[in-house]
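Two complexes are shown next, each including chain A; its partner changes from chain B in the first to chain C in the second.
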Partner chain A sequence: MTGLRYVYAVCRPFDAPLQAQLTGVAGDPPRMLTHRGLVAVVSHVPVEDFAEEPLRAHLEDMDWLAATARAHQGVIDALTTVTTPLPLRLGTVFRDDSGLRTMIEEREEYLRRTLARLDGRVEWGVKVYTETEPAARETPGRPAEKPVSGRDYLLRRRMRAREHEDVWQRAEAFATRLHTSLAARAEDSRLHAPQNAALSGARGRNVLNAAYLVPRAHSEEFVELVDRTKDEASGMRVELTGPWAAYSFAGEAADTGEAADTGEAADTGEGT
Partner chain B sequence: MTMSGRLPEPYGSGSGGANLADILERVLDKGVVIAGDIRINLLDIELLTIKLRLIVASVDKAKEMGIDWWESDPALSSQARSDELARENAELRARLAELEPGRAREETP
Partner chain C sequence: MTVVERREVALVDLLDRLLAGGVVITGDITLRIADVDLVRIDLNALISSVNAQVPSPWGEGA
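Up next, the complex of A and B:
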């Protein structure tokens, strides 16, 4: 009984084995702890890294955070291929197995209800980017031509600003249309804040960042639908990620029925 | 990696090359919050709140915390874009005044 218990997810019992070579957080391959007919997927992690103080310090370290997040996601991914996991937030840590069992007892009803709601469903992520930074469009035609006068300079700046606006309006209109049509094919949807290019490393500006809850059986159709829209989008890039575990739909809020407000594209952080 | 015969191949994400923002957004901000024995409030983590500018937090939660950087980021908000245009115009007028002292006044709308 050494170390702490890092929990990735709670699932219903499943038969298929997890990939043998799966290394979890802190390099400890995930294990199953079954209690009350629910399976918690856990790694044993060292106290010196996962007790409150060290964990807090580690979370300030981008490299550690990135590696841990990828390890966490790796396990969730593996689970998603064999069952429908209820993914927990990174850094859910218990002192020992008995603490974990107590949690399962206390949350049993909620866990069962949520697992039932998500059963057989996956999440697809769809992002729309403007293909070029509007500001970068100034160069292509005639690069080094200096404005001949202040008035000329001003005129050009005004034209550029107008182009700028056009690009945004088209991007927003496209993103709204796309979201409306995808949301109609999904059981549920969420709009997330646009991603910061500095972190995502993606080209262009992120104008839509959405998640859709789709039954596995309908996933192929959904993916095809997204693929088709890629051709319509001139000057924009549509990116699909998934299938993810239903992260965006796992939270408490999602089953209180208050989620309706996320159904509108107008929510995109003032974007649309 | 079996049993998912009906599932299309992962797109970008999954085990391979999902961008870090996609992964952080999900594992840090989505997913179920269950208080473990080790209590860490992710919102206390400076790296996440400042360096990542909370892109991993949901809009509502961030607003609740008074974080609304995207509203002043021209890339993300049309209000900010028009503010930016207004600011740019003011700058241009100033610049014009420097370049052509005699004409600046008639240029100003």
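Up next, the complex of A and C:
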């Protein structure tokens, strides 16, 4: 089959075979293309869907995007069981094998350096939500008394606003503390934008959406550390996802090495 | 507080990583979705059909 080349990841050579039933993006089982001692994991995809214009159009189709993202992740997951893949961003497409080889030649040093940096590491995702909406309203069945005066009304409004602020402040303080302590145990960390509840369907408001780069060998310890936070604060929910391939640490920006960004925890309240 | 470990990967977690993470390599055809602008438009349209008053899920500088 001709067509374009959709690239999932670049890896060091590995011996173990990939799962036979693995279907990649566009239903094409992933293949290996080895060049200069690096392995690109590739699917052949049709021009009608993956040339620039149709791809652009497809990306505005939520169902298509979801299916493609799941297929991409399926391949990365399979790779993760046999090696440490360097995942590429969704939608990296080449015209043919030779275009892909040229890229490997041009980016060889960077690819090798990043593979070495991520070798044996995984990414854990940690999110913090406020468990309930603040500003506990009137208890059902017991309607609030009507304010007796304008002054009374204003006072109640102010109290409610203060409760609201308290919840956010406690949530942010908790998230900042948690992030600082987790970042200290991780090799690197990244803050993603808080997730929108309408998209995630999660209860409560997302106040921390972070990723941590952790050596596989220390993962158990890291997970236990997250687990222990459950005793630390009430009214919060902590969600752990992973282990992921190191998506959040694969980019150029992540390549500066030691410069950990633990100071950014104060940003977690953005998004409004 | 509860710690929940989800087995099934949520799409929104996946998109955080696939659209904002991963190595950005300019392929022959690679769409410049590095800033997820295209996708943001769509997700916003999708979300606004659910709820007319929500901010972008992809905060600036994500």
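Rule of thumb we're sticking to: the second predicted complex is superposed on the first by the 237 of 272 C-alpha atoms of A that agree within 3 Å, B and C clash if a C-alpha of one lies under 4 Å from a C-alpha of the other, contacts with A are read in each partner's own complex, and residues count from 1 in each chain.
To be clear about the criterion, a residue touches a chain if its C-beta (ideal position, glycine included) is under 8 Å from a C-beta of that chain, and two chains touch if they have at least 3 such contacts.
Because the structure is predicted, anything quoted here is derived from the model rather than measured.
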Item to check | Fit or clash - chain C, chain B, common chain A | outcome: clash
Checklist entry - Between chain B (first) and chain C (second), which, if any, makes contact with A:103: first, second, both or neither? => result both
Next on the checklist: Looking at A:195 after the superposition, I want to know if it touches chain B, chain C, both of them or none. Which is it: first, second, both, neither?
Outcome noted: both
Next on the checklist: Which partner chains sit in contact with A:82 here, chain B, chain C, both or neither? Use first/second/both/neither.
Outcome noted: first
Next on the checklist: Taking the superposition on A as described, I'd like to know which of chain B and chain C A:232 touches: first, second, both or neither.
Outcome noted: second
Next on the checklist: For A:149 in the superposed arrangement: first (chain B), second (chain C), both or neither?
Outcome noted: first
Next on the checklist: Let me test your reading of the model: by the given contact rule, A:131 touches which partner, first (chain B), second (chain C), both or neither?
Outcome noted: second
Next on the checklist: A:248 in the overlay: touching chain B, chain C, both, or neither? Say first, second, both or neither.
Outcome noted: both
Next on the checklist: Show me the chain A residues, by the header's touch rule, that chain B contacts in one structure and chain C contacts in the other.
Outcome noted: 4, 7, 50-52, 55-56, 59-62, 65-66, 69-70, 72-73, 86-95, 99, 103, 107, 114, 125, 192-196, 199-200, 211, 239-241, 244, 247-248, 250-252, 270-271
Next on the checklist: Considering only the defined contacts, which chain B positions touch chain A in the complex?
Outcome noted: 1-4, 6-8, 10-15, 18-34, 36-40, 42, 44-48, 51-53, 55, 57-59, 62, 70-71, 75-81, 85, 88, 92, 95-96, 99-100, 103, 107
Item to check | Residues of chain A touching chain B in the complex | outcome: 4, 7, 16, 19, 50-52, 55-56, 59-62, 65-66, 69-70, 72-74, 76-78, 81-82, 86-95, 99, 103, 107, 114, 122, 125, 149-151, 153-154, 157, 161, 164-165, 168, 172, 191-196, 199-202, 205, 211, 216-217, 219-220, 223, 239-244, 247-248, 250-252, 267, 269-271
Item to check | List of chain A residues in touch with chain C within their complex | outcome: 4, 7, 10, 50-52, 55-56, 59-62, 65-66, 69-70, 72-73, 86-95, 99-100, 103, 107, 111, 114, 123, 125, 131, 190, 192-200, 209, 211, 226-227, 229-241, 244, 247-252, 270-272
Item to check | In the complex, chain C residues that touch chain A | outcome: 1-6, 9-25, 27-31, 33-34, 38-39, 41-43, 46-47, 50-51, 54-62
